[in-house]
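Letters A, B, C and D name the chains as they come in the text, with residue numbers starting at 1 for each one.
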Amino acid sequence: MHIRPREKPFGFEKPKSPQGEIEIIEDRCKGCGFCVEYCPNDVLKISDKYNSKGYHPPEVVNEEKCCYCGFCQLICPDFAIFIVEKESEKSKKAETVESKK
Amino acid sequence: MEASKTLTIEKEQRHPMDELLRMDRIPHIWCPGCGIGAAVSAFAAALEKLEFDLDKVCVVSGIGCTGRVAGYIKLDSFHTTHGRAIPFATGIKLGNPDLKVVVFSGDGDLVSIGGNHFIHAARRNIDMVVICVNNFIYAMTGGQVAPTTPIPAYTTTSPFGNFEPPSNIPRLAEAAGAVYVARWTALHLRRLTESIVEAFQRPGFSVVEVISPCSMYYSRINKLGEGIDMLRFYHDNAIIRHGEPTENLDIDYQKQIIIGRFVDRERPTFMDSYRKWLSGAESISKEKVDEKN
Amino acid sequence: MKANPEDVFTGVYYIDGDVACAYGAIAAGCKFLAGYPITPSTEAAEAFVRRAPEVGALFIQMEDELGSIAAVLGAAWAGKKAMTITSGPGFSLMMENIGLGAALEIPFVIINIQRGGPSTGVPTRTGQADIMQSRWGSHGDYEVIALSPDSPQESFEFMIKAFNLAERYRCPVMLMSDECVGHMTEKVVIPPASEIEIEPRRFYKGPKEDYIPYKRESDLVSPIVKAGDGYNLYIIGLTHDERGYPISDEEALKKDLDKISTNRYLVDKIRKNRDDIIEVVEDQIDGAEVVVVSYGITSRVALKAIEQARSDGIKVGSLRLITVWPFPEKRIEEIAARVKGFVVPEINYGQVAFEVDRCSHGEANVILVPHGGASVHDPKDILGAIHRVASEKKRYENVIEYTTGLEMSVFGKRLAEIARK
Amino acid sequence: MKENQKGVLEGKYKLSGNQACAEGAISAGCRFLGYHPITPSFEIVERYAQRCGDVDGVLIQMEDEISVLAAVLGASWTGRKAITVTSGPGLSLMLEHVGLGVMLETPCVIVDVQRGGPSEGLPNSPGSGDVMQARWGSHGDYELIALSPNSPQDMFDLTIEAFNFSEKYRTPVLIMADEAVGHMTDEVVISPPELVERKYYRGPKEKYLPYKWDKDLIPPMVDIGQGYKFHVTGLTHDERGYPVMDEYCQEWNVHRLIDKIRLYSDEIVRIEEEETEDADVVVVSYGISSQDAQNAVKRAREDGIKAGSLRLVTIWPFPEKQVTELARKVKTLIVAEMNYGQIFYEVERCSRGSANTVLISRQPSQVHHHEDILEAIKKV
């Protein structure tokens, strides 16, 4: 019988939580509200300002809650919001240490 | 006309999808709250996952709101006549079988005026992916009744309510011989992306139906709110049932919508059969050309 | 026969040309509309469907234009006055069945709200480039009648005229409107039913057993029956004889097809009756040096140029085609002998202009003022063409294309000059 | 180019007009045939199907004629020369895509083996009732090229010519054959053809604009799948191929589509004149009628009548100048055609009043049509 090695719930590697930044191209937004409604962590809110087309683009209100799942990017029908993924700070530090070595 | 009058976006923000879009044509013409843009996002995400050589992918559209998709995707793209996207794509696929051909069009275009071509392309099993955005209405011409309009929805040409039974696209596709049939909504985008990936991987005629809100005509005439309200409705009423028999997939007005992947099978594609036929045919043809004096 | 008062929405309206078409059709007794959505004609179908229940009419949106026209042909055989509404691309799709309608001599009406072409072109803007198509679009030989309105009021009136002509001559009648007229909103006066003359269908009245489907009366048109009246009709699109039975190819090779088939009548019933059908509006033709031949929306644009040219001292006459087909050949011929030349402004690159040129037999110069569509002419171009014809000494070898301001502003010079380099 | 000649025949063959057309297409390098079966054009498909294996051609029977032409246009954009064959009713269905082909400037060839019309008409009898339809059938304004063969050899030669025109001018080209020519069997000489190759774009990829035309008014083309990522649309478009809905763009686009044929009509037009030098009466004809006309002219000459014959090989663009010149020289132009007057009107227009014009409508039953023409000549 094949014995499987004991695995941690998410595999051997420690799960990385993605880090990033939310970018909103305000002038493309048509104010449909899809991203705000379906953000799992309520990171976004419709803002009070107007863009050049007269719509209210969304704004980031709870950035710390963002899990960078990218659903806002996927659901935006106007290609106006996206996530720029970044390496988490810890891993960055580790990298720099390695490179110094 | 020279390409001078283009709207450029000043900031250096580069959306990851910009590579795949004709940026000189963005913003697109779709209304606020329309789901076609989301379907395009899912398509782009699927292409990213598939890691195809994008030079070898081409998009063909018919006429209508969804018909404009071809004009915004930066691939070899064709905006053809109403209903004839599938035959045009058939020609492309047979002309150069190395290409990946996608037909991206609407329900009226594919099932009404193009219904015959839909059936026969599925029957022949021509290797292409058909993404059918179903918004239950002819939106480009101003909200006329469509072959998918549920009973008794109002449209401008059914001002007293629609009474014609609507088409069930997955069932039609299955019966005609499609090898892969799935239906998602403009909200179930991760699964939609997954489905488009699978549709590309299956050799043969694959159909992915995308239920999408028409915020300007369908929901306004029927007083269903805005695009976002339609998405909320999908959220509450869409039930995922993979492998559901397609006869159960009729869509009733504002009732539950069964979504999922319904058909996934194998059949020889047109080009496979054709090559086989051609290799067998060579001997015949040599015999026949003997009328030389 | 007078119109049915229930069908006529008597009153004064402020509506666009599309809606006027729908009201005109209803007033003419149209009880069946099969259509398919196409910009810019949908307003007409929408108006029809909203008023249909009041008059007991039926609207069906078919799966495509081929289906629409086929349904119209069927409904006409069922005894209903029937029509369809479309625009260029839909019109192209209908061509095969227009031929069938012509061959079967079915009375029906097609409204074509023309848009800029070819192909998908400019769907939301105007054009006049389907005129030749309406005459020659289907394969084989046949003749049609085509009318061209220039205002919503005329759209209403011509719909009634169109149905009357269709019933009278048992042939396809086309209302060649355009996007400009279709979307132009103006005052439309719908008169009481007692003032609207309606041509009833020419039903056969003789004994049943003597009925022969295509037996001609003196005006070359045969009376019609409807399906379900017990005549056991056999109707077929193959070339047929008087009884409606197909003629075999062997027979066609042996006998004189003109005598045994109905083919000859399809053209003759229009050609021989053309004097009764043709209608033109003339203005100051007598003594004119230059005559402007126009139709549809262009005739309204031309008015401005004509007025200006008259004040410049040129004697300008105007000939407006109400019936584009059959073409007023004789009238043009008569005028050609008396004038220096014709100016033909149209929103295409030469269709009716060539017809005018043909009928003038080289006796008058013809200048075409072309326009690609998507807007109407600049009256200045028409005025320029009038001046050119008035001062021209030599005789042209062919239709001359006037270089419009639009061409100059787009290309900087004449396209012909660019190409010849 | 060389590998394209694999399987191409050479030599003398006994072929029907339809078979010759298929061989012509193969010789011209056509490797895609889309069709929907229709009498009397089917022998072209039959022949092509038999020869398909030799030349690696693609053959597909579509569900109707509408889709046939759509598929042909699609195939043409992949770089294959493509052809479709049909007859009157099929051509009526194809019309929308003829317009699309013109708008997208897609090279392709449509063979219309004409039969009696209108509607289903007489499927096994010849006709020429579609010649005006060929020019005016689709909505909107456009120009295209139509050729009219009168023998199997002509079918072969003109099919190659049609491909050359379509590649040179980037336009659909129609071959207006008829049932009689299609089913006529005769000796056909198949010789290596002179082919015009597609005008391809050769500049840098990122600078490619699908409708940026050269001085000859014809934009260079690329194939799908080469990474140009271009967009084309049936809507009125600018040089990028993107839709623009205004009169300037419409003028820019459609005026050129018209002029790229109209201005080059001298290079396109082909006519055959016989004994017109001193003629009083000239019979103008095309297609199968021209054989009768030429016979009748010979007989008339024997009888001492100064008759001549003008055969239109190119119907569209119409040989206006040639007919006008001829009309000045002669007293009467007799137009012999198999319909109730179509090309007759064009001849009437171009004769500009300097010659009388007479129409003789031929019917399928008139096997000895030349006698009628002769009679008409004598009468004049």
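Note that in this section contacts are C-beta pairs under 8 Å (C-beta built on N, C-alpha and C of every residue); 3 or more make two chains touch, one makes a residue touch a chain.
Model, not experiment: these values are computed from the prediction.
S.K.: Is the C-beta contact count larger for B-C or for C-D?
M.R.: C-D
S.K.: What whole-Å value do you get for the distance between chain A and chain C if each is reduced to the mean of its CA atoms?
M.R.: So the centre of chain A lies 61 Å away from the centre of chain C.
S.K.: List the centre-to-centre spacing of chain B and chain D in whole Å, with centres computed as mean CA coordinates.
M.R.: That pair's centroid distance is 36 Å.
S.K.: Roughly how far is chain C from chain D, going centre to centre by Cα mean, in whole Å?
M.R.: About 28 Å, centre to centre.
S.K.: Provide the list of chain C residues touching at least two other chains, using ranges where the numbers run on.
M.R.: Expected reply: 89, 119-120.
S.K.: Among the residues of chain B, pick out those that touch two or more other chains and give their numbers.
M.R.: Within chain B, residues 79, 81 contact more than one other chain.
S.K.: Which of line, ring, star, complete and other names the graph you get from chains that touch?
M.R.: other
S.K.: With touch defined as at the top, which chains are paired up in contact here?
M.R.: So, checking each combination of chains, I get A-B, B-C, B-D, C-D as the touching pairs.
S.K.: Can you check the complex and tell me which residues of chain B touch chain C?
M.R.: 63, 79, 81-83, 108, 112-113, 115, 138, 140-142, 144-145, 147, 156-160
S.K.: What residues of chain B sit close enough to touch chain A in their complex?
M.R.: Going through chain B, the ones touching chain A are 9, 11, 13, 15-18, 21, 26-28, 30-38, 40-42, 45, 186-187, 189-190, 193, 215, 226-228, 231-232.
S.K.: For the complex, give me every residue of chain D touching chain B.
M.R.: Touching chain B: residues 9, 11-15, 32, 34, 49-54, 56, 58, 60, 62-64, 66-68, 70-80, 82, 96-97, 100, 187, 209, 223-235, 238-240, 242-244, 248-249, 252 of chain D.
S.K.: Would you pull the chain C residues touching chain B in the complex into a rising list?
M.R.: 35-39, 42, 45-46, 49-50, 53, 59, 61, 63-65, 89, 119-120
S.K.: Inside the complex, what are the residues of chain B that reach chain D?
M.R.: Touching chain D from chain B are residues 1-3, 22, 24-25, 54-56, 58, 60, 70-71, 74-81, 84, 86-96, 98-99, 116-117, 119-120, 274, 278-279, 281-282, 284-286, 288-289, 291-293.
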